[in-house]
Amino acid sequence: MSKVVTMKEAIAEYIKDGQSILISAFSINQGYAFAHEIIRQKKKNLTLIRSSGDILADQMIGAGCVGKVISPYVWNPTGPSSAYCFRRAMEKGIPHKVELEEFSFGAFCMAIYAAAHGLPFMPTYPLEGTGIFQHRSILGEDKVRVIESPFSGEKVCLVKPLIPEVCLVHVQRADAEGNAQMWGPLGDVRGTANAGKRIIVSAEEIVDQAIILKEPYKTIVPGFRVAAVVHEPWGAHPSDVFEHYYRDIWFQAGYAEASKTVEGFQKFMDEWVYGVENRAEYLKKLGTKKQEELRWRGQDNGKFHSL
Amino acid sequence: MENFIPFEMMILTAAKQIQNGDALFVGFHWPMVASRVARRLHAPDIYCVYEGGGIERTYCPVMPNTGADLILSPHLAFAGETYETLCGFLAAGHLLISMIDAPMVDRFGNINSTCIGPYQCPKVRLAGSGGAADLGANSRKLFMLSDRTTKDGFPARVDYVTTPGYLDGYDSRIRAGFRPDTGPEMIISSLGVFKFDPVSKEAYLWGVYPNADVEKIKASVGWELKEADKLTALSTPTAEEIKVVREELDIAKSRLWKIPGRQ
Amino acid sequence: MENFIPFEMMILTAAKQIQNGDALFVGFHWPMVASRVARRLHAPDIYCVYEGGGIERTYCPVMPNTGADLILSPHLAFAGETYETLCGFLAAGHLLISMIDAPMVDRFGNINSTCIGPYQCPKVRLAGSGGAADLGANSRKLFMLSDRTTKDGFPARVDYVTTPGYLDGYDSRIRAGFRPDTGPEMIISSLGVFKFDPVSKEAYLWGVYPNADVEKIKASVGWELKEADKLTALSTPTAEEIKVVREELDIAKSRLWKIPGRQ
Amino acid sequence: MSKVVTMKEAIAEYIKDGQSILISAFSINQGYAFAHEIIRQKKKNLTLIRSSGDILADQMIGAGCVGKVISPYVWNPTGPSSAYCFRRAMEKGIPHKVELEEFSFGAFCMAIYAAAHGLPFMPTYPLEGTGIFQHRSILGEDKVRVIESPFSGEKVCLVKPLIPEVCLVHVQRADAEGNAQMWGPLGDVRGTANAGKRIIVSAEEIVDQAIILKEPYKTIVPGFRVAAVVHEPWGAHPSDVFEHYYRDIWFQAGYAEASKTVEGFQKFMDEWVYGVENRAEYLKKLGTKKQEELRWRGQDNGKFHSL
């Protein structure tokens, strides 16, 4: 049974105002195509869960889609620079206040692990004395609890399962049934893609199931877990996808510059999000020359040196 | 011998902490540059472990954007998961040293990379932890790198503890549940090199770069800085060392890194 | 309609519990045969999840030795880890049904695959749990398959609880900390099909194969077997059904499986 | 730095009487070459840790190398048949008593996870009421402890880290430095290979590091964790290795038949273990015809149907 739909259809059907959604992958394979369609459809009051907030979270916050954020950090890695919309929301409540619950990346991974593995909680690494431990918002007391180990008597921090209503994950390839393959460094994706009640996949390529069966060790989400599949080439630009394309740091730097002001951010969004109908139009705007520059070159990455 | 600036000495001094053959955890920013300098100068056979799940085995001619940048791919011996690197090899104690950026670090080695001012209404909101809190928790020897030279980079107490160092000093870190074999080892900064008192866990000035002005250093940190009975004079860099540091900073700049002292 | 033996009816009845499109956990032994029969008869589009980390999507012409046999490779849509299958999709509740072999199962659906006689000095030592205890803990609907027809296969109480069923009946399973949405659904055996009383959790005779002798069934289990107010008469298999069951048993035999009633 | 040594050297240097050793992989990639050399070197009183005891554990028990076993099960999957040496040890103390600590596979995986991930313990799935919970030997009270979840008040079973002194893992390929690659279904191997203080790798192939760097996502153990590397083609026979060879079920059935008696077992061992100097001689004995039959045939496995 084919589950292939357009991005517009997937977001319209599966993302509801007020839901908790997780957009998977750490730094790479970021589901920008998901985020931009969510922004175009003006979803509101989402709880956004991400291991690395990044520009993607910044844009969703700036666009006013997000009421709560659960994440270890939000930034723009190029420079590095501030995530300016995030800053404006936290410092000045622009466009509106956002409730933030911060984890260490390790504690976040453990909360996700508990969700994906049906465990009642997970131990995590010591956190007492940190700001993460002291400051609690959305999860309150349940953010981190401390017990004495029944084995050693030592203090142990526990986190409870973090189960998003919908997980969105961008992968290299999938079949029409949703068997989704990703390879290369995976960050937290094996956990974050599988932690939710429902999973939507977008993929650089939709392939015959025979391709999946040939390298089954690349599958990170089996088809039976997947509600919908979207074919979305370059769906992770300006982040990078293993064996497909490199990170567009120039685009990220441009975003940093533009988003320093509300007006600049608005202009950027008008151009790259609201002003395009879908990812295909975004790509046309990006241009074939840029795509060629960013396209994967196997074991030869030296060319970038001079860029 | 060449002219050099303290920032370059900071990078070089950090690089020298890395031995050939080491497996080390490399945090974002200056630790990445330091590990590249080490690899070129004296430690080609190191494993640089990143929170994104990659482990770098050979020198990458391109400066990665972050440790998770796939431009590193041809140089990775391992492309796994955060569960295996940050929550695996680091947490289980298989990495001898770690390095982390320390833009604001206090006298007990606590780093703030979350916010300036009150948490609920920050004057400046920064990125937040990422893996920084876990590095503070699990690093066996944590080297902290700071490009700062003024008091706001070295407050007596940070506004927010993102990376736990020795917390309130003395045994407070142990009482909070951290393993005794973990914790900060050194702050390597553009001011000089700090170590931690074995009892009070307060940072003291341990080593200085050539031509350093100790009184000026003391005036540049937010607490009454003690110094070692005998300050270590860090040696003047060789021409080759400075050349490699500058080349690496050039490569970083070509990839849009902001470099202190350069436009 | 053909001649058939109850063992073949057991396999076929188990196969019929599987719906096309299901994702199910397949334990070692008869569940593997049942899933293959289902795939050929009415459920080609199922995902068979194994404890070794593989998930089978298409029919494999060869009978695997176990669910982890790499002969299955060309038919796997997913080749991951035990952490993802047994301790992942199963444990997190994403599989609607599970099937497990039940060579000795008692009146509360507890299975013993560990030892006959006292644990410390067993008369016969068997394999032990493997994932069987976890299947008992986490299966949302657990179907138990038994090829046995005598009391030693259906004791009132097993010598050792390898796979927890309803333990001592009533709410004992819940009190022991198991999730309310988990537990045995049915025992499908060569004697007939048993379900569990919603209150006492005792197994009772629910369905019988054509030509069954209910009194003989009752005499073949180790407790006073109750029966449903109205016994379900399981329908006579079609020629096609029996043909497929037998072909699958032939394929299993060609791979050195021991098949009841065959040399 | 090359860490390549012979199997004889590796076992002589790293395996000491009385140690706890884990031979990794679930059912596939079983380190038979490790086990046979341990038997030839007459190591004693080992604590053998395995996710699936299998014939390998049976042989080590029968040969008298093992004082304790920590495993979820021990059997011969072909037939299936009993693991007769294991049975004799448990039923009659032949060749001597063996202390056994049994886990569910899930609980075993969690104890290994805690070890590999530096966690003080792991929660696992409910076990109360099972024989595994009731019967404890080596680990005593620490085998499984029960707490009330501080989040929900529910009972939660905890297991502590299971940290072997040495982990032995057989993989498809490794470089001389120990970067070890395995792919296909992995069972528990990512955990069990990495749980120990020291790791020894045997590999079907020793390859240039360039091969490792091309597909870094196949690496399961990074070189810095590895003490020694052994080149051991067919090192897992009669078990199977993805993209190398299939399981030799006929050999396993022959072993079942032979090992029914002490004498039969002894004869089998004289022939296949004591009577050969190393794996190369074992292979010669197995013969090239058998190797051809078992050799991997890509997506075409139909041929086995008629065997």
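Chains: A, B, C and D, in written order; residue numbering restarts at 1 for each.
Going forward, a residue touches a chain if its C-beta (ideal position, glycine included) is under 8 Å from a C-beta of that chain, and two chains touch if they have at least 3 such contacts.
Just so we're clear, the structure is a prediction, and the values are computed from it rather than from any experiment.
Trainee: Measuring centre to centre with C-alpha atoms, which chain is farthest from subunit C?
Mentor: Ranked by distance of C-alpha centres from subunit C, the top chain is B.
Trainee: If you tally the C-beta contacts for A-C and for A-B, which one comes out higher?
Mentor: Comparing A-C with A-B, the pair joined by more C-beta contacts is A-B.
Trainee: How big is the gap, in whole Å, between where the Cα atoms of subunit A centre and where those of subunit D centre?
Mentor: Once rounded, the distance between the two centres reads 38 Å.
Trainee: Express in whole angstrom the distance between the two chain centres, defined as the mean CA positions of subunit B and subunit C.
Mentor: Computed value for the inter-centroid distance: 57 Å.
Trainee: On a C-alpha centroid basis, what's the spacing between subunit A and subunit C, in Å?
Mentor: Distance between chain centres, rounded to whole Å: 40 Å.
Trainee: Based only on mean CA positions, could you tell me how far subunit A sits from subunit B in angstrom?
Mentor: Computed from C-alpha means, the inter-chain centre distance equals 27 Å.
Trainee: Subunit D: which residues touch two or more other chains?
Mentor: 118-119, 125, 154, 156, 183-186, 190, 213-214, 216-217, 242, 299
Trainee: Specify, in ascending order, the residues of subunit C that touch 2 or more different other chains.
Mentor: 54, 73-74, 76, 79-80, 83, 87, 91, 138
Trainee: Which chains touch, pair by pair?
Mentor: A-B, A-C, A-D, B-D, C-D
Trainee: So in the complex, which bits of subunit D are touching subunit B?
Mentor: 1, 115-119, 179, 190, 194, 209, 212-214, 216-217, 219-220, 222-225
Trainee: Over in the complex, which subunit A residues touch subunit B? Could you list them?
Mentor: 26-28, 51-53, 71-75, 77-80, 82-83, 86-87, 90-91, 102-107, 109-110, 113, 125-132, 135, 146, 154-157, 183-191, 240-242, 246-247, 249-250, 252-253, 298-302, 304-307
Trainee: Which residues of subunit D touch subunit A once you look at their complex with the stated criterion?
Mentor: Residues of subunit D touching subunit A: 114, 118-125, 142, 145, 147, 149-152, 154, 156, 158, 160, 183-186, 213-214, 216-217, 242, 299.
Trainee: In the complex of these two chains, what residues of subunit C are touching subunit A?
Mentor: Residue positions touching the partner: 21, 23, 45, 47, 54-55, 57-58, 73-80, 83-84, 87-94, 138.
Trainee: For subunit C, which residues count as touching subunit D in their complex?
Mentor: For this pair, the touching residues of subunit C are 28-29, 50-54, 60-62, 65-66, 68-71, 73-74, 76, 79-83, 86-87, 91, 112, 114-115, 119, 121-134, 136-138, 160-164, 167-168, 172-173, 176-179, 251, 254-258.
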